[in-house]
Structure formats: C-alpha cells, structure tokens
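For reference, the structures are reproduced in the following blocks.
Each of the next two complexes has chain A plus one more chain, namely chain B in the first and chain C in the second.
Here is the complex of A and B:
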C-alpha cells in the first residue's frame, strides 16, 4: 500500500511538471496581445510607445524560457502572479473560488452517484421491464442534452415557473441545488448505464448462479454479490466524470453567477489574462491527477485481486 | 421400498423458450434417488443432463422462459409449479449444489469465510459469529489445511482443487439431504480430480446424503455411483445399477460410450474409438430413436416411433431400444 502510494505520487509529480509545460506553452501561443488590452483598460492605448511600455512592465519581453521558469518557481510556492486585469494577486482570489468550485463538484458528484445507483439498480432489478426502460430513457436524455441547456431548463422550471430555488448566487444550500443538479445530470446518466450494464453482467456470471443455488434472494444477490463486483468499475467511471466536472463548471458557474475557478478561468481567457488562465489550468490538472490517485487507491481497496499485487 | 424415494423424477420434460427459438433439452425422463444413494447422470454436452437437474429448482439463466411438465418430487413435495419463494427455501437448505468450474463459481471480491458463513446464517438461523465457527468446521471437514487462514482469503488466492473444496463446503453448509454435483471434477487437474471425487464420496457416506452426479466421465461413474442414467439427445437411453450397466451395457449408445474408453491393452499410438456421426441438434424434431442415424443395429422400427424406456431381460435395467427389447421378446 505505502509502496503503491509513493510510486503513484512520484508519477504524479512528473505528470504535473509536464502538464505545467503544456499549460504554459498553450497560453503563450494563444493569439492576442495582453499589453494592448491593458493599455486599453488604462485608456492609454493611443499614446505612442505605451503598449511597449506595458509589455516591458509585465515582463512580456523576457525570453519564453525565463518567463516559464519565473512562473513555475513562483507557482510552486503558491504565488501565481498578478492578474493583468484586476492588478490583484491571483493567489489571493483563488482560495475563495476553489471553495466555490469544490462545493459545486462535491455536491454534484454525490448527487450523480446516488442518482446513477438508483437508476442503475432500478433497471437491473426489473431488467427489460418498465423501470428499466424509464431508466434507460432518462439516461439517453440526460447524456445527450447539453449542460448549458439543462441549466437553462432548471432555471426556467425550478426558479421561474415554480420558484422553488434561487437561480443565482452562492448563499447556502438552497441556492446550491440548481447548480448541483445541472452539473450532475450528465454524469448521472453516464454512470447509471455503467451500473446497469455492470450489474447485468454480474448477474449472469457463474458466481451469481452459485448464490442462487445457495438460496439467496434477488435483492441479497444484487447487493451482496453483484454490487461489490461492480464497485471498482463504478469508482473508475466516477473518477473520470468528477474530473470532467471541472470543464462543466466553466459553463455552469457563469450561468448561476458563481464565482468559482471555472468562472475565473473564463474571465481570464476573455482578457488574455495569462496568469489567471495558467493558474486555473494548473489547478484543474492538479485536481485531475489527485482524483486519479484517489480513484486508484479506492479501486485498490475494493478489489482484492488488484490489492494483492501491491501488498 | 415402502417409503417414497428422496427424489422422484417422473416423465420430466423441459422446454426452453428464448426470444428466437424453442428447444426441448429434456424429454420425458424418469429416475429416483434414495437417501444415501448416488445416481450418476451421464451424457454428452447438450444431452440435457444439467438442465434436467437445474430447471426444476429454478436455476436457469435469466431471459430464458422455462416450461416444465411431468413431476419432480423432493422429500414428498412436488417441485413443479411450486412458487419461486418456496423453491428458494429448498435451494441451499435441503439441496446443495456443486458446480463445474470452481474458478468462477466463487465471488471474486468476497472473503471465502463470508461466502460459506452466509449459508449457515440463512438456513440454520445462526448469528454471524456462530456461522463463522460453522464455516471453520466445514472447511476442516473438506480437508483444507490451515482452515482459519483460508476463511480470510479471497478465491483468487487458492488453487482450483482448494476452491472446489470451498464450493463443496459451501454446499454442505445448509446441511442438505441431497447434493447435486454438476461435473465437479471436469475443470480440475487429473491428480486433483481423484481427491475431490473421493472427498465427495466420503462426505456423502458420512453425512448419509443422496447425491446426483452429473458427469461424462465413466471413470467417475464407476468409482462413485450406485445407479446410472445414460442420456442421449434429451432422453434417457438406459437406466440401471452401475455394476450392471457398466459391465454389460445394453443400449448401443451406452455400448459405444464404454467402448470409447481407452483400454490398457490398446497399442500405443492407436486411434481413439469414437462414435460415428454427430449428435442431433436439440431444436430439430425427430420421430423415433434419436440415436438411430448413428446406430449400427438400427432397423426400420427404430425411426417409426419413439422407443419407450422399458425393463430389459434383467428387470433392474431399463433400456429404450426396440432392437434390444425385441431380442428379449424373441428369446
């Protein structure tokens, strides 16, 4: 176990370093000139030589390698530089925004897990019957509706028509419901199929025949025999979905006026605010890597066959 | 003879209906098993020997509609038509099952101890703690070394022979009266096969259980069974005490089977003696004896009508062959 974790941590560090290179390269090779935008912001874009002065001021004239080393050196100490747009330290903005996005992802992941288990088990308990068809239909709709549209529907349905939940803001659980649901729809749909198909496969396996021959009932077989067998598969799929929620957040946070990392990232992109964009990308990537690490550990705990290879 | 046999199957017919096809893997088969007795059911793949034993107990794959007719009486109780809830109480409790492949018959992600103990909890109303103790006892009973450690292990950590012993221990946990073993030695190494068979036979005697041994291995039959039913294409071809059927097979199919066993005096490099032709597919309807197209002795009456399973010259052996029975009538 310890061996596994230390090995994976080493891999993660290498991965994180490579990711930072890609982040930086992507951002600096994006079109647009932030110096012009800053000059515009200060109302001095027409002043001759001012753009060049800004570029000098924010260090755009240094060689790329130097800029990268400077940035990375600061980033590892938690300093992500100064936002070009607001003039504030990025690291000062980040904690609050990470908390917001964390709330979004955690709530949505929980809802997606519960919802997908419910739908998947309904389908597996009554295969090819009405509950299964309903579950399958919902999964199809959920997986094929774009998230921004889901969000708009949520606001229209639960906020405008029935006025159950607020449509924006970050003011306590009641205002979290709609964003949570919006983000959870797609992963819940995808994961419900993972559960349903996994259970069906498990239910036709020889060990389930054995369980039947032991006189166990259907419910006991589903929960005691089949569920532990699909748990590692489910955790893997859930990990992927949770990782992707960072991307969904970019769409959903502005929709509900949440000041999260996704919203920050989007604003950064609009303004060519390299420092913000780089910081957000690095946070997303770190999150992905951590999620993967946690997933691997969870799979290790739930599947004794894999556990043995590492103990 | 005064009391009813533990298992009394008479004229059992099983029809399987899938979305696309309807087949009859078991067609009018009868046999009995008494307490303490071992019945071998022999036949090639697809002859219906497994379905015959699993279908009346509701152990069919989902998605297949099973239709049963005839009668299966277990302990004086009719199983056909019994609601699934009731059949479930019999499974595991009164009838234990052993499967062909111990590699896949155990749940890979659950500890062995739990898999055995849950039987005792379910059928003997034991507390989890008492059930664990019972599991330990059973694991000792099936001759596993270091039993306490085994209970904490997972199936993938054990060899095939050990796993089959675990499957046997599980089957015994509910204190069954009847053990149905579906090719219990087929998936094992040859050296382990003998051990497992000896263990089964020994347990059957010690616990005075009845046993149905489904197999295609004549060696297994000779070593373990009291009676034998030879199945061919969903029907019983021959039925009788093992010592009589194996020594003097009457039905041409049984003869072919026994003749196909390699003998010690066969010269090295000699060909295996097989049966000519291939077995019929179950879907295709046939009139008369299903074996007739492959039979050296067939006469026109063979294909005219289905030969009934009737007593041969030796009243304890039943044969479904007009030629064999005709000869007796003439003699």
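Here is the complex of A and C:
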C-alpha cells in the first residue's frame, strides 16, 4: 500500500518536472524577441540600447539552464512573471480564476456522475428494451453535440425562452446552473456508456450467477454485486473526463462570461501573451497529474484486487 | 470487381444511417461550389435576418447572406481542413508507429512515452498552446490540430506494425535475405496504412468538431469564409431575435459528427471474429470505452 503510494508519487513528480520543461521550452522557442515586446509595452520605442537593457533586466542573457531554474523557482512560489499585454503580474487574479474554474469542474463532475449513473442503470435494468435504447440514443447525441452548440441551446432554452436562469455571470448558484449543465453533457454521455457496458459485463460473470442461484432479485444484484465491481472502472473514466473538462471550460467560460483559468488561457492565446499561456498551461498540466494521482488512489481504495496485489 | 466484393460485404455491416450522413457530407463538401444556389458572401442588408422564403430556403443571416448556400460551402471548408489535418496527423503517426513497431527496444519505449503524454493532454489545449505560440492562421490551425491528433494514429499503427512484424511471412523474408528497406516499405508500411485509414475515418468526426471549435473561438477559419462553428459564433449576438442562424449550423455539425461517431463504433465492433456472442461483444465494448483512459496508467 505505502509502496504503491510512494511509487505513484515519484511517478507524478517526474511528470510534473516534464510538464514544467515543456511549458518553459514552449515560451523560449517562441518566435520574436521578448525584450522588444516588453520594451514596446513600456511605451518606449524599441531603441536597441533600451532593448538590451530590458534583456539584461529580465535575465535573457543568462544561460538557458539558469533561466529555467529561475523561472521554476518563481513559478513554484506562485510568481508567473509579467503579462506582455497588460504589464501586470500574471498571477494577480489567478487564485480567484482558479476558484471559478474549480466551481465549474466540481459542479459539472457531480452532475455528470449522477446523470450517467441514472442513464446507465436505466439501460442495464431493461437491457435492449426501450429505456436502454433511449439512454443509448441520448448518449450518442450528447457525445456528438459540440459543446458550444450545447451552450447556445441552453442559453436559448433556459434563459431566452423560459427565463429560468441568467445567461451569463458568476453570481450565486442560480448563475452556475447553465454552465454546469453545458459542461456536464459530454462526460455524462460518455460515462453512461461506461456504466451501461460495465454493468452488462458484470452481469455475465460467475458471481452474479451465484447470486441469482441464491435467489437475489435483479435490483439487488445490480446494486450490491455489479455496482461495486464497476466502481474502479467508473472512477478511472471519470478522472479522464474531469481532465477533459478543463478543455471544455475554455469554450464554456467565455460563453457565460466567467473569468476562469480557461478564459484567461484563451485570452492569452488570442493576444499571444506567452507568459499567460505558459502559466495556464502549467496549471492545466499540474491539474491533470493531480487528478491522475487521486484517481489511482481512489481505484486502490475501491478495488480489493489491486489492493491485495500491492500489500 | 472481385477485389471490391469484400469491401461491399464490409460496408453492408455498417449502420446505413451513418453511411448516408457521411456520403452526404462528403458529396456536399466536394461539390459545394456547384451545389450552392447563391453566392455565400453576397450581402443584402435590406433582407437581413429574414425567414425562409422562395429565394432563401433557410432564410438569411444578419448581413442578408443566404444561409443554405453558406451551410453548403461550410461543408466544403470543413471537409478540406479535416482532410488536411488527418493526412498530416496520419503521416506523422504512421511513420512514428511503424518505426516504433519495427525497431522495438528503446526507440519503441521513447516514442510510446511521447504518445502517452500526447494522449493524456486534451487535444484542444495542445492545439491552443501551439496557436498561442505561433499565432493564429489557417495553416497554423491545421498544423496545431495535426500535432494534437497524431498520437492516436501513432498508437494504432504501432499496434498494427507489431502484429505484422510477428507474422511468419516477415520471418520468411528475413531468411530469404530481404533488406530492412524492403521489409519496411514493401510489407510493413502498406499493411499498416490500410488498417490505420479505417480508424482515421472514424476519427474524422472529432476532427471536424475540433475545427469548428477553434473557428468558434475565433482562432480557426476566419470570416468571411463560411464554417459551421464560425457561422454559429457570428449569429450568437442575435440569438434572441434570430435563433435559426445559431441552430442550423449547430445541427449540421452535430449530424456530421453523429454519422462519424456511429461509424467509428461500428468499425470497432466489426473487428471481432465471428461467431459473435453477446459476451464477447460486451468485452469488446469495454475495451472501446476504455480507449480514452488507457493512458492514465502509463
């Protein structure tokens, strides 16, 4: 158990190191002279002398390895440098933005879990009957509809036509509903298939036959025998989907005027503000690595077979 | 003709609705310039945001451009960019995959680690990071998406290449003294390309989605070139007064993606040997559902 955890932790640290190298090289290899950009930003015309001064100031003349160490040291303490566009610290409102994105992902993950379990169980309860076909059809449509189209439909349906929820803003739970639903559609569709297929697979296994011969009903078997068995698979798939939600957030946050990390990343990409792109990318990659670690531990907790293997 | 019969037999097993949608999409995309009833960029501000009429079957957008023509031309835009993305991505993926499958050893390990990392980061984030560094533009978009897409075909072609390399005829060739070049270009590469092409078709749906998403974000295909995602974002400010212009391109895109996704699932299921029991089908399905998460235990 402890061996497993320490092994995963080491693995995650290596991945974190690689992620930081990728983020660093991305910006270093960007075309154009950073010093000129900053010199122009400060209002001065980019005179060669001033550019050289700026280059000296931000450490462009140091060897690459030194620059990497400096940058990493700053990044670890939450200092991501200065935005090329605004001239302000990149990290100024990052905590606030991370909270917004966190709210989005947490709520959507919860909704996706509940919806997918509902749809998956409906299908498994009446396999190849009408509820199964409906849930399968919903999953296909949900997995194929572009997120931005889902968002537009949500706004049109719930905000313009019925005026139930506000169409933009981040003020209170009422305004969170539409973005949550929009982000949750795709993962719910994918996960419902995982649940449905996993349950069907579990229902063909010998222990279910044993349970049947003992006289257990279908409901009891589904919930008591099959559900614990698909939990590890489900958690694994959920982890992947939560990772993907960061990408969905990039689309959904601007649509609902949420000032999250995804929105920040997109703005950075639009204005080629490398420092913002770099900071957000590092946050995303760190998030994936942490999610993967948590998923591995959760699978360890829920799957006695793996637990035995490592103890 | 005899060579085509197995192909038809295979096609018959695919869901007909998906095939129809895909054929329609490809036909529309290929012949769009001749099919569009009107000039897609001809503006007529007096007839802006009009409903369906004899002149404009699906109405007009806020600039008075004919929506039907724009939807049809958008299929062309989408088809061309998806084609370029997949061709570039598959070229990189097949090269990397066959090299890994041919050499094995540390080359294989290294390339597959790269593929694992590439697969574990959402493709949208990879593509946006590339665009953020290089700057927006049509070819940047295509290259960025290809960079985000190649790991998938890389992994598949590596698996195919490994299975081809373990077949007896490769060993026989070695014994006969065939050069590595002959084995690679004469036997390994052609075999892999065929297998990967099938998967690429199934992947076209997600690629079309990615092109539309980037265009929606304003970083892909630029106006006035019609593209579904870009048409949608263009009409979004008028959602309240003219929802049709938002819903039509969205529906067109969704239909295309559903077609490709259904085909993809059919391809994945079709590869099981007969007779096909329900249990085997279930196992195969779990495998398919697990494709996305494979990388998490890398």
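By our rule, the second predicted complex is superposed on the first by the 268 of 311 C-alpha atoms of A that agree within 3 Å, B and C clash if a C-alpha of one lies under 4 Å from a C-alpha of the other, contacts with A are read in each partner's own complex, and residues count from 1 in each chain.
Everything that follows uses one rule, which is that contacts are C-beta pairs under 8 Å (C-beta built on N, C-alpha and C of every residue); 3 or more make two chains touch, one makes a residue touch a chain.
Remember, predicted model here, so these are calculated numbers, not experimental data.
Participant: Looking at the combined model built on chain A, do chain B and chain C fit side by side or clash?
Facilitator: fit
Participant: In the superposed arrangement, which partner chain does A:214 touch: chain B (first), chain C (second), both, or neither?
Facilitator: first
Participant: Once the shared chain is lined up, is A:206 touching chain B (first), chain C (second), both, or neither of them?
Facilitator: first
Participant: Once chain A of both complexes is superposed, is A:268 in touch with chain B (first), chain C (second), both, or neither?
Facilitator: Second partner only.
Participant: Give the label of whichever partner, chain B or chain C, reaches more residues of chain A.
Facilitator: On the superposition, C touches more of the residues of chain A.
Participant: Tell me which partner A:251 touches in the superposition: chain B (first), chain C (second), both or neither.
Facilitator: second
Participant: For the overlaid structures, how many degrees, to the nearest 10, lie between chain B and chain C at the C-alpha centre of chain A?
Facilitator: It is 80 degrees after superposition, to the nearest 10.
Participant: First (chain B), second (chain C), both or neither: which does A:292 touch?
Facilitator: The second partner, chain C, only.
Participant: Should A:185 be classified as contacting the first partner (chain B), the second (chain C), both, or neither?
Facilitator: Neither: A:185 stays clear of chain B and chain C.
Participant: Across all Cα pairs of chain B and chain C, what is the smallest distance in the superposition, given in whole Å?
Facilitator: 9
Participant: Please report the chain A residues shared by its interface with chain B and its interface with chain C.
Facilitator: On chain A, the overlap between the chain B and chain C contacts is residues 204.
Participant: Note which residues of chain B are touching chain A in the complex, please.
Facilitator: 57-59, 61-63, 88-93, 96-97, 99, 101, 104-110, 118-119, 122-123, 154, 156-157, 167, 170-171, 174
Participant: If you look only at chain A, which of its residues touch chain C in the complex?
Facilitator: Within the complex, chain A touches chain C at residues 18, 26-27, 29-31, 140-141, 143-149, 152-153, 155-156, 160, 190, 193-194, 197-198, 200-201, 204, 233, 236-237, 239-240, 243-244, 246-247, 250-251, 254, 265-266, 268-270, 272, 274, 277, 281, 284-285, 288, 292, 295-296.
Participant: State the interface residues of chain A toward chain B in the complex, per the touch definition above.
Facilitator: Where chain A meets chain B, its residues are 127, 203-207, 209-217, 224-225, 228-229, 231, 302-305, 308.
Participant: Spell out the part of chain C that touches chain A in their complex, as residue ranges.
Facilitator: Those in contact with chain A are residues 117, 120-125, 128-129, 131-136, 205, 209, 212-213, 216-219, 229, 232-233, 236, 239-240, 243, 246-247, 250, 253-254, 257-258, 261-262, 278-279, 282-283, 285-286, 289-290, 292-293, 296-297.
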